[in-house]
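In what follows, chain A forms one complex with chain B and a second complex with chain C.
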Partner chain A sequence: MTIKGTSLLLLPVCLLAIAPAGLPPYAMTLLTEALILGLFAMSLDLMVGYTRLLSFGHAAAYGLGAYAVGNLLLHTAIPLVFAIPLAALFSGIVAIGVAWVCTLASGVSFSMLTLAFAQLLYAVAFKWIAVTGASDGLAGIPRSPGPFGITFFQSRSGFYYLVLACLLAAFLFCRSLVQSPFGAVLRGIRENEAKTLSLGYNTRRYKIAVVAISFTLGGLAGALYAPFAGFTNTELLFWLFSGQVLIMVIVGGAGTLIGPIIGAAFFMLVSNLLSSWTDSWALFFGAIFILFVLFAPQGIWGLATRWRSLSSTG
Partner chain B sequence: MDFLGFLVTQCLNALSQAALLFFLGVGLTLIFGIMRIVNFAHGAFFMLGAYVGYSAVYVTGSFWAALIAAPLLVGAFGAIFELGILRSLYKRDHSAFLMVTFGLTLIMGEAIRLLWGVAALDVPTPKSLSGIVFILDEPFPIYRLFLIGAGIVVAIAIWQFLERTRLGLLIRATSQNAEMVHALGTDVRLVRSAVFGIGCGLAGIGGVFAAPLVTASLGMAPNAVIDTFVIVIIGGMGSFAGSLIGALLVAFVQVFGTYYFPDLALALMYLLMLTVLVIRPGGLLGKEA
Partner chain C sequence: MALLELDGLTRRFGGIVAVDGVTMRVATGEVRAVIGPNGAGKSTLFNLITGVIKPTTGTVRFADEVLTGLSAYSVCQRGISRTFQITALFPQMTARENVRLSAQARHARRWQPWGGDAVFAGAEARADVALERLGLIHVAQRPAGLLSHGDQRLLEVAMALAQQPRLLLLDEPTQGLSVEETEQAVETLSALLADGSMTVLLVEHDMEVVFRLAHGITVLHRGAVIADGTPEEVRANEGVQRAYLGGLA
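This part shows the complex of A and B:
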């Protein structure tokens, strides 16, 4: 599977690598944002798809990363390429505390605690003007050059390659993570937590770890978004955004890593198509989401792989 | 300022707030108790209640008509949603419900925006309940006193309904052992639809009660759903008395927190929930989660 999986991966990666040569600037901007959202959705998949920790507050990870990188880039001279991982790490460290609290509960209560935490951050962001700029947000976030005067990542295509590299690295990391013994324990928690616990695994510690990893990667996505867009605002912490990313994961296919990336691209594509003739994207996405949960809980990627295995056997 | 008067009016304030929160919490906990599902759209039903209430007041000119029409319409909508969509999900795990009702929240929020517009809508306080009374020389709105009364009446009504009526008996039995009730010849699916409708209707009536205080606005749903879940988590999922205690605790923390620590009011509510979860993970009156 691994070798076959890697070779399957080669084609889309090559296509994405040569994309800047062929695509107009507007499409490049959309593609960059889709990749950032893909990274964000994939980070949530570790929790939702592999551990069945249904988070309604994943926007917190994104917002933490975005505001952290915004402050680093605005107030210090740290180069972009160092600020981004630092911000991601910050998000992950905060997540350890959050996860410690949220994993006191399980199931539905866990979901609600994540939502409550994200809304709390949202409320804080509104009040803490010095750090977040309140409702105005942070504007004019630069893509600071360096180290050694490297300015490659300041250009549109340079930044795109940075995003692509982050996504690819994160994907390879996540894939090896879910295939490792650690990943096996996560799946054990997903299928039967009591059993996993009785096998001697401290499931709560595993859950805290996966939340922290998921927040680090989600924070990475947010940290990429802020210098990409040049601004942050409180929308990035709002519960609707948490909902959107959950939709990307489920519609794309939870528990597959690839699926959520496809879900994010699908989300970007459809919302761009929809926005040309309606601004009621929530209406359609709500309906699409319900239809997927009802009739295709395995998501787009799940449908695609099933279709492929059917056509290869039949 | 007279401290005793201040204390009494703040307590009354908190009680009226508790009444509103109780309408939300008890509906959610009823639904959870019997169906083991969590209705994320509960806040959206609350919001729908406020908007339907606005329209009912606008059309009939009577707040009392709104108080009857809104829960009926919202409850009927909830029951139809249960019949049409949720029913097919009982064999799936609980996350499916959470996600479907989340999708419903998105749809309802957008539909309400399309139907009623973006602007917050002001529902006037009924004439007979507007104005203030003086309690220990402190002014206090009559409408809030009315809310306290309404909360008490509804709490007693639900309690008596669950204890004394046949449907109440079936609801309690189903929450204990649904299969046995089914085997004894009652269509449990109908009980579930009814309970989902009743729970949503209670959220709807809460929306109407809240509308004169907070205006009907699109921000209602997420705030309401979070408050509701905090209440139910504190009180214990599925416990009627728990939702009452949870509503009281949260209301007092909200009212006094806003007064003494305005910047930390929200955090205090979560701190309360956290403390309860650490001491009793299943909530104060809930079974161990």
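This part shows the complex of A and C:
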């Protein structure tokens, strides 16, 4: 199955690798953003799809990564390729504390605590002018070159390859994680936490670990976004964004890793198409979301795999 | 030698005393049943032993170590595995995966966040032994949620067994089973316990089951111990008959 899964992966990866040769600049910009959002949605899938930890505040991970990398690139000479993982790590370390608090509760209370924490960061970002630029945000974030004078990642397509490499590495990491003994315990927590605890697993520690990993990868997405866009603003921390990424996960197919990446691309595509002919595009996307929840709770990827298995069995 | 010792174990919920000064011993190799009418505090007693809830006063000692105050997962890691009165499984996993996850909890690298083929192989070997012993190997590939209720009850026992516990706690293993299913389950369990290598504390409703499986019986009534002895002694005890057995004996 793993070998088959890997060979299935080859085609989309090859297509994405040659994309810069064939696509116009505007499309490349959209594609880069879609991949960043895909990474962000996939990071949330570890919590939502694999552990059933419903986070309403995942924008916090993205925002932490974005503001951290913004400050590193604006105020230090650290090269882009080092600043990004440092910012991701920062997001993950903050998450340990957050998760320690949030996992005191479970179920809806857990979700509310994640939301409260993200909104707290949002409020802080509005006040702490020195670090966040308040409502102006951070502007003019450079893609600092180096080390050894490497300037490849400055260009549009160079940065695209950096994003693609991060997404691919994160995907392989997550896939290995969910298939490991650690991942088996997460599935146990998802299906019956009390039972998992009674089997001798310190479930809270596993939950804190998965939140930290999820925030590190979500922070990585945010840390890629800031130098991609050249700016950060408080919207990256707003609850609306937390809701949108949750929708990407569910529409794409929670608990599949691939699904949320597709969900993010789908979200980008549909919101761009819809917003070109109506201002109330969010309304239509809301309708699409409701239809998915009602009729295809397994999401786009769930539908695709079911269709494939149906057609292969005859 | 007593493996499990409870001393003056008490738990109050507001004004209600659910478990009232329970003192009892379970010797190594013994199968002891705790019986009593509904609301006698049997399940609360299990939850106190396994650390799910904390006692108001009193102590739980296991193999000369005080367990009182430890969390549920650490109690389990000391070698006490349990089943639940209301079936607790991972319904979407196969029966084998259920038992494998249980066995994995005893592996030093149970948390390993990559690879894990060796961890899984070891756990699966233990899982298959447990499934075999409970006659579930033929349904190993089926999702646990789709098994018959009787098989689900036994699957929970298999999960506990796969941990090779020093003390096995069974909370009403025949709960909700039909007469035939109960017969089948008791058959399987008595075969399992026949060699006397296991120490078991059993909560049970069904007197027939208790008399067939247990060497010793502790009777609870309104949270307190009212009798303690061999099945014959308990059957003959007048207080027990009044409180519980009623017209049955």
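The definition used in the following text is that the second predicted complex is superposed on the first by the 314 of 314 C-alpha atoms of A that agree within 3 Å, B and C clash if a C-alpha of one lies under 4 Å from a C-alpha of the other, contacts with A are read in each partner's own complex, and residues count from 1 in each chain.
Convention: contacts are C-beta pairs under 8 Å (C-beta built on N, C-alpha and C of every residue); 3 or more make two chains touch, one makes a residue touch a chain.
Please read these numbers as outputs of a predicted model, since none were measured by experiment.
J.: More residues of chain A in touch with chain C or with chain B?
T.: Between chain B and chain C, the winner on chain A residue contacts is B.
J.: Check whether A:K127 is in contact with chain B, with chain C, with both or with neither, and answer first, second, both or neither.
T.: In the superposition, A:K127 contacts chain B only.
J.: Have a look at where A:R187 lands relative to chain B and chain C in the superposition and call it first, second, both or neither.
T.: Second partner only.
J.: Return first, second, both or neither, reflecting whether A:A287 touches chain B, chain C, both chains, or no partner chain.
T.: first
J.: Between chain B and chain C, whom does A:V101 touch in the aligned arrangement: first, second, both, or neither?
T.: first
J.: For A:K195, select first, second, both or neither according to whether it touches chain B, chain C, the two together, or no partner.
T.: Touch partner of A:K195: chain C, not chain B.
J.: Where on chain A does chain B make contact in their complex?
T.: Contacts found on chain A: 52, 54, 56, 101, 104-109, 111-113, 115-117, 119-120, 123, 127, 239-240, 243, 246-247, 250, 280, 282-283, 285-287, 289-290, 293-294, 297.
J.: What residues on chain A touch chain C, complex-wise?
T.: Contacts found on chain A: 176-177, 179-185, 187-188, 191-192, 194-203, 206, 209.
J.: Quick one: which bits of chain B touch chain A in the complex? Just the residue numbers, please.
T.: 38, 85, 88-89, 92-96, 98-100, 102-107, 109-111, 113-114, 222, 226, 229-230, 233, 237, 263, 266-267, 270, 273-274, 277-278, 281, 289
J.: Residue numbers of chain C touching chain A in their complex, please.
T.: 50, 52, 71-74, 76-77, 81-82, 84, 88-93, 97, 100-102, 104-107, 109-116, 119-120, 159, 163
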